[in-house]
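Shared between the two complexes below is subunit A, which has subunit B as its partner in the first and subunit C in the second.
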Partner chain A sequence: MSKKLFFMYKNPDYVVDGIRSALGQAVENNYAFGAVLTDMPELDEHNKENVDWIRDMEGEMYSTVPSVCEKNELTPITLEELGKQLRDMDLVIPYGIK
Partner chain B sequence: MANSLGIFVTNPDNMQHIMGVTKAAKAKGIKVKVFFTWSGTKLTQDPAWSELVKLADDVSICADSYKKMGFNVEDVPEGLTTEKMATQAQHGDIIENYERYMTL
Partner chain C sequence: MKILHVYRSEPDGDTKKLVEIVSEGREAAEFKLFEGQVDYDKLVDMVMDADKSICWW
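Presenting the complex of A and B:
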């Protein structure tokens, strides 16, 4: 049965691979969501396409950082909204905490 | 799958915790699968790696991450076979089939 997964990215060194990992789970017929909680460089076109794929498969990629939303075309989310989203998830995955 | 634990590893600094949790779980008769991705694949070079692959029931790594960390994908880490040099589907296997999940 498909599960709702939420990836949390706090370390900029892990964001790109973490998005790839979320896409991998979307391909595995799970619902993949994620939130970037840190500043990070601009994604290249390949990785922006990965975000689009996640959306095509009924997932979403958010950020709490306005500048990250703007340069990477991620969906803005507040901490309060994020908290509500997490309550609906089957699994919350902190990705690459250091 | 009852009495099973999947461990998803992204951080290269957590080998002592992976070993500790795996030993404790195995001592209680719990099946353990460990999947390494991104910089977690650096732990294939850790001195404790050979002990882990003997102790856990299933160990696999993301081959793409292993390559991105500078390793040769044809250089298969000790205790693994080529089919264990895998994809994120191995993470999916943990999510779908294992009773308990943790990330380190």
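Presenting the complex of A and C:
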């Protein structure tokens, strides 16, 4: 049975790796979501395609940081909206080391 | 629903806010891994007792 999973990234060093993990879960037929909670460099084309792939599989990749949304084409989300989304998830995964 | 929040480090303002929203209207407990001698037996019992656990950064 498919599960709803939410990854959260607070350390820029783990964002790319964490997006790849979310994509891996989407490929395994789970619903994968993620949110970047930190500033980070621009994703390369390969990783932007990974985000698109997550969306193709009914997931989403958000950020609470406006500049990160702009340069990486992520969907804006507030901390309050994020908290409400987490309530509906089967698994919540604060990813990496802070 | 019983929810357990496990903290790997001192929670900052964002984490506290998310925990507050996720816990609203639910029975919530917390366990700190960053303070003193960790009682892992107690942690296992708390995880088994909870319906859902979140291990924060």
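Here, the second predicted complex is superposed on the first by the 97 of 98 C-alpha atoms of A that agree within 3 Å, B and C clash if a C-alpha of one lies under 4 Å from a C-alpha of the other, contacts with A are read in each partner's own complex, and residues count from 1 in each chain.
We take it that a contact is a pair of C-beta atoms (placed from the backbone, for glycine too) under 8 Å apart; a residue touches a chain by one contact, two chains touch by 3 or more.
Please read these numbers as outputs of a predicted model, since none were measured by experiment.
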- Mind telling me which of the two, subunit B or subunit C, contacts the most residues of subunit A? B
- Task: Check whether A:Gln25 is in contact with subunit B, with subunit C, with both or with neither, and answer first, second, both or neither.
- Result: first
- Message: One more residue to check, A:Asp17. First (subunit B), second (subunit C), both or neither?
- Response: first
- Message: After the superposition on A, what does A:Leu79 contact: first (subunit B), second (subunit C), both or neither?
- Response: second
- Examine A:Ile97 and indicate which partner it touches, taking first as subunit B and second as subunit C; both and neither are also allowed. both
- Message: Under the stated touch criterion, which partner chain does A:Leu37 make contact with: subunit B (first), subunit C (second), both, or neither?
- Response: second
- Kindly classify A:Arg87 by the partners it touches after superposition: subunit B alone (first), subunit C alone (second), both, or neither? second
- Message: Give me the intersection of subunit A's contacts with subunit B and its contacts with subunit C, in residue numbers.
- Response: 94, 96-98
- Task: Write out the stretch or stretches of subunit B touching subunit A in their complex.
- Result: 8, 10-11, 13, 37-39, 65, 68, 87-89, 91-92, 95-96, 101, 103
- Task: Report the residues of subunit C in contact with subunit A in the complex, numbered from low to high.
- Result: 8-9, 12, 14-15, 17-18, 20-22, 24, 54-57
- Query: Can you name the residues of subunit A that touch subunit C in the complex?
  - Reply: 10-11, 37, 79-80, 82-84, 86-87, 92, 94, 96-98
- Query: Residues of subunit A touching subunit B in their complex?
  - Reply: 1, 3, 5, 13-14, 17-18, 20-21, 24-25, 27-28, 30, 91, 93-98
